[in-house]
Amino acid sequence: MEGIVRRSIARADPEVVDAFAELGVATVHEAQGQAGLLAARIAPIYPGARISGSAVTVNVPAGDNLMIHVAVEQCQAGDVLVVSPDATTEHGYLGELIATALSSRGVRGFVIDGGVRDVAELREMGFPVWSSLVSALGTIKAKLGDVNLPIECAGQRIEPGDVVVADDDGVVVVPRAKADSVLAACRERMAKESASRARYAAGEVSLDVQGLRPSLEEKGLRYVD
Amino acid sequence: MEGIVRRSIARADPEVVDAFAELGVATVHEAQGQAGLLAARIAPIYPGARISGSAVTVNVPAGDNLMIHVAVEQCQAGDVLVVSPDATTEHGYLGELIATALSSRGVRGFVIDGGVRDVAELREMGFPVWSSLVSALGTIKAKLGDVNLPIECAGQRIEPGDVVVADDDGVVVVPRAKADSVLAACRERMAKESASRARYAAGEVSLDVQGLRPSLEEKGLRYVD
Amino acid sequence: MEGIVRRSIARADPEVVDAFAELGVATVHEAQGQAGLLAARIAPIYPGARISGSAVTVNVPAGDNLMIHVAVEQCQAGDVLVVSPDATTEHGYLGELIATALSSRGVRGFVIDGGVRDVAELREMGFPVWSSLVSALGTIKAKLGDVNLPIECAGQRIEPGDVVVADDDGVVVVPRAKADSVLAACRERMAKESASRARYAAGEVSLDVQGLRPSLEEKGLRYVD
Amino acid sequence: MEGIVRRSIARADPEVVDAFAELGVATVHEAQGQAGLLAARIAPIYPGARISGSAVTVNVPAGDNLMIHVAVEQCQAGDVLVVSPDATTEHGYLGELIATALSSRGVRGFVIDGGVRDVAELREMGFPVWSSLVSALGTIKAKLGDVNLPIECAGQRIEPGDVVVADDDGVVVVPRAKADSVLAACRERMAKESASRARYAAGEVSLDVQGLRPSLEEKGLRYVD
Amino acid sequence: MEGIVRRSIARADPEVVDAFAELGVATVHEAQGQAGLLAARIAPIYPGARISGSAVTVNVPAGDNLMIHVAVEQCQAGDVLVVSPDATTEHGYLGELIATALSSRGVRGFVIDGGVRDVAELREMGFPVWSSLVSALGTIKAKLGDVNLPIECAGQRIEPGDVVVADDDGVVVVPRAKADSVLAACRERMAKESASRARYAAGEVSLDVQGLRPSLEEKGLRYVD
Amino acid sequence: MEGIVRRSIARADPEVVDAFAELGVATVHEAQGQAGLLAARIAPIYPGARISGSAVTVNVPAGDNLMIHVAVEQCQAGDVLVVSPDATTEHGYLGELIATALSSRGVRGFVIDGGVRDVAELREMGFPVWSSLVSALGTIKAKLGDVNLPIECAGQRIEPGDVVVADDDGVVVVPRAKADSVLAACRERMAKESASRARYAAGEVSLDVQGLRPSLEEKGLRYVD
């Protein structure tokens, strides 16, 4: 960690960023070639939220949330704060007060490969958080980290300004430069799925809807009684 | 894995199968001699569901859901699809589309020692799922497995046609041949507990209700001030 | 384990105990110097409960809940039953029947570094439980343990009569002798946070509210474009 | 669990069973189509052992090793004892005394999806064990289970008499009926690998040895500077 | 945590303490009634050590090893340093330098419910350590904790001066006041096991050596072919 | 993942790279400001190895080792192959054959946030590997990934050509551009520690060697009897 705060970052077209919120994590992950998904330990602290936004990235030392305070000031409406501690601990890095500050700036959510606390208050505020842990364990505010440098978080590299999409399935990141093309691919996928859904609801099976029978036969599947 | 689909399986008497749904997992587990419980990692993706059904069993290669597509066609109303991947991964094997197909056939739920995705949609549809993981990570459809051969899932052997009972406590399996006797034992247990419950609610303690005091004294329990 | 039940324990002033319920775990943990928090694996079985009470402590052998039955009788209104099994297993030590007995005595909740079952019923009854596991796996009632001796639970020593506070963030314990001073410290903290909250909601950042800028400059933080 | 001991089980041809010991787990797993591997949590308690043998299977209640005592008598020279507790706990089911009894009967090793103890003594005796845990936590001897019924262990179904192969990579099971054909497939694989090994040692890369370049080009791999 | 160092602690009779080293953890755990065992995550960093000693106990804040430095001075020959961080993290609290200081004072080993580093050097020095983790992650030296107050460590309460026994199976603690009686019970157990061992080595099975057959028959065990 | 192989990467001065091997992971981690350490789950498959080398980085799809085959060709003497699968699974990505190829090219070791197999053979060959898992579970060779793009691995960003240092404590990465200055800082630290070590071995305590007493007094540490 360098002790650097990058103030000016490029973000994707706001309309593109916003459009991702309706799509959901699974669709985005598939549409960009099964890529960009954070590890499954990153889960929502309450069910039902679905957001997209531009990543403001933060590297923090384990058990120290000083740089999250620094990062708040770098956030603008439509952003998602993404935090990566440099080691695994049971600390709660975010609480209701920081969430209030983020919320007042129009920040849409918070993602961390670590713990958060005040989850009852966060749920009540409707401020969505994806974390690997819930814990009230207090942090210190002692050491520097970085804001808006590329980070890794739960198995994915995230650049500031990348598009972050999060829902009950987890969190996926779309590189800023690919946001347009991934959005297009998502919509194509959605259209296709919508057609299939009707057929499934009507009782058809995917072996027919997706034309899987010949391939199964070729692989040697045997039906017995 | 053999690449085999058994089309005709024996199921328990539908009235017996259905009766289990009111009983709950803990009761069934106790009534069959503290047996049949899947490992605690198998949990519901949303709270409040309680089902019973006949097992359609599926073995799948890790990260591959082709055979789940095959299995859908083998399901009938009143079944529960139970899936066992052959290794631990973070893939999401079931999503909303397959659930729509299962739901349209009257399948009551889905159990997997692995991941599922689209959990917000599944909750909205009211299609209950018990899994060890939530993850949007996409699978492939490449390799064969088996449908309706005996499987092991989260520490239990399950034969096709066995009765599966699932609620917020987890999942328990009742061998088909024992369904009648276990159901009877459950009802006996329920009756007994119902009587006890009234006494507990009235302020009595189990030391008296269950007559535990003599045994405690014999074991040497000492009360001090 | 000794096979001892201590019947008379000192509790903190009921008004003090009750006052903690409004404060929340994170506040209490901070106000007593970031101390007393149980490990993060101890989580509520359903969201939204917040309680405080006097600890009745129980040591139980792994997979055996006999002493929980014994402990029920030692509980009075305003207590929280805290249970520590002597090894890690997937057993469910508490179910709806014991909870009914506890509830009828005015016990406010149950904390265990182990499993519980009947969680749907517990949620419906509104009897709050914090546990490391949900599992229907049945216990036996065979071996003695202790009631109201000091225990350790999920990384904290708990004396009978200590104040236990629990909410969606987890569980924290306050030594009985410090209950007054910790309560005072909590209230001071709450007042301070309340003032800060208004400023955050109005758009101020913690760098200003908490006066962090000089320290950041001194540490060498660099802002770049 | 039934409380049943099957005394007479079919075993594979001893020469075939013994031949597997030289092959290693990875080779056997691959040669039978990437099947039969127990979950990765099953690891050797000391490095360097490599065995094969006929499975004697045991189902035990969690924390109870009574049936292991029963099973010892059913073992003969060349067997491997495979034990599956019905729930996850930290108990140590096998110690040096049972190992002495097994060793005196010519049993080649012990596999358990649970804990073992006296590991220093077991290492000194040269009695190899694969387990998910090392723990001195004592068991009881109270409840019945089964010997030589089909079990599931760490994600695999094992029939009594199946061939178990174990080394530093873990444990794989070969169904008895397939032992001959899998052995042949292993030998073929070994021969092929032996040829490849010489080429790799001489500096060739697998892109050439395995002829992977055309497929990479077809998939669109790009080499840049 | 109080910031207190207790300088004078009572230790058990040195001959008694030393005698435990030959017995091993499993024997001690059994002989004191299956009690006192630390959780299975506490494992030796290298195989083959077996020690006993008097506990010097330390509470440390998560990620801070200042109090370990303080504790070194309170150790004398024959002691074992036992450290309990107040939360779970991946820090390495002990390295080769502190081990050198401990070793020069005649300290016999180190037990921690947390991480240690320099494990190659510790192995080379022959300074045995039992920990839940190996990690080079550096700590800070900022906050106070306590030395020689009662602690909890990995599920057990440990008083300063209690006897700690550790080997490849893990770590067990014997309360100081019971050291004599537990030692006697251990020796009795050892004698009994020694007799049994000879019979097992000669091919007898425990069903006969321990006289288990009548109980099995009574429980209803069935032998089938 | 892009399907890109970067052939030409910058490496640090070979003398600098080699010098790190004598220093060890803990020293390097501390000397660069407690940074660069991979998560503690990355551990050596056998004890005693200590290496340094230039990173060749590989992104692979979960359960697919095709790109490791591709990467071998990009390695030269003095390199360390560092592999990051895009999701968590129990596959074994590296075996003895690839290790033979790597070894013949002078590659010094292999680091992966995933599984490896043939660990007995790797130990015998003396080819050191740091992994999060040992598993024989076979991979496929189907999908593209990247070689020598920046990756994240177990919580750290690694650029191709960065210096990787690994020993029994784990793995640390030094950015190529900082290799010189970190090496200098390491040597300074080593010199200081060497002086301290002599004093510790002579019985001095760190409270004096490091001059910690005044700070302890100031923090309010109390010594009691």
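Every chain is named by a letter (A, B, C, D, E and F) in the order it is written, and numbering of its residues begins at 1.
In the analysis below, a residue touches a chain if its C-beta (ideal position, glycine included) is under 8 Å from a C-beta of that chain, and two chains touch if they have at least 3 such contacts.
Values in this document were obtained by computation on a predicted structure and should not be read as measured data.
Here the chain-to-chain distance from subunit C to subunit D, counted in touching steps, is 1. Where touching is counted per the definition, the chains common to subunit A and subunit B are C, F. Sharing over half of its contact pairs with C-D by residue number, the repeated interface among A-E, A-B or B-C is A-E.
Counting C-beta pairs in contact, the pair that comes out ahead of the other among C-E and D-F is D-F.
Taken over every residue number at the interface, the positions common to subunit E and subunit F amount to under half, indicating a different-residue contact. One inter-chain figure worth recording: subunit B and subunit F are separated by 43 Å, centre to centre, where each centre is the mean of the chain's CA atoms. Centre-to-centre separation of subunit B and subunit E, using mean CA positions: 40 Å. Each chain gets one centre point, the mean of its Cα atoms, and the points for subunit B and subunit D are 28 Å apart. Within subunit E, the positions touching two or more other chains are listed as 34, 37, 39-40, 87-88, 90, 135, 137. If you draw each protein chain as a dot and join the dots that touch, the picture is not a line, a loop, a star, or fully joined; it has some other shape. Across the assembly, chains come into contact as A-B, A-C, A-E, A-F, B-C, B-D, B-F, C-D, C-E, D-E, D-F, E-F. Put simply, subunit C touches subunit B in their complex at residues 2-8, 46, 66, 69-70, 72-73, 90, 92, 95-98, 100-101, 103-105, 115, 117-121, 123, 133-138, 141, 143-144.
Only residues 1, 33-35, 37, 39-40, 61, 84, 86-88, 113, 150-152, 155-157 of subunit D touch subunit B when the two sit together in their complex.
The part of subunit B that touches subunit C in the complex is made up of residues 24-26, 29-30, 34, 37, 39-40, 43, 47-48, 50, 167-170, 172, 193, 196-197, 200-207, 210, 212, 216, 219-225.
Within the complex formed with subunit F, the subunit B residues making contact are 62-63, 87-91, 137, 142.
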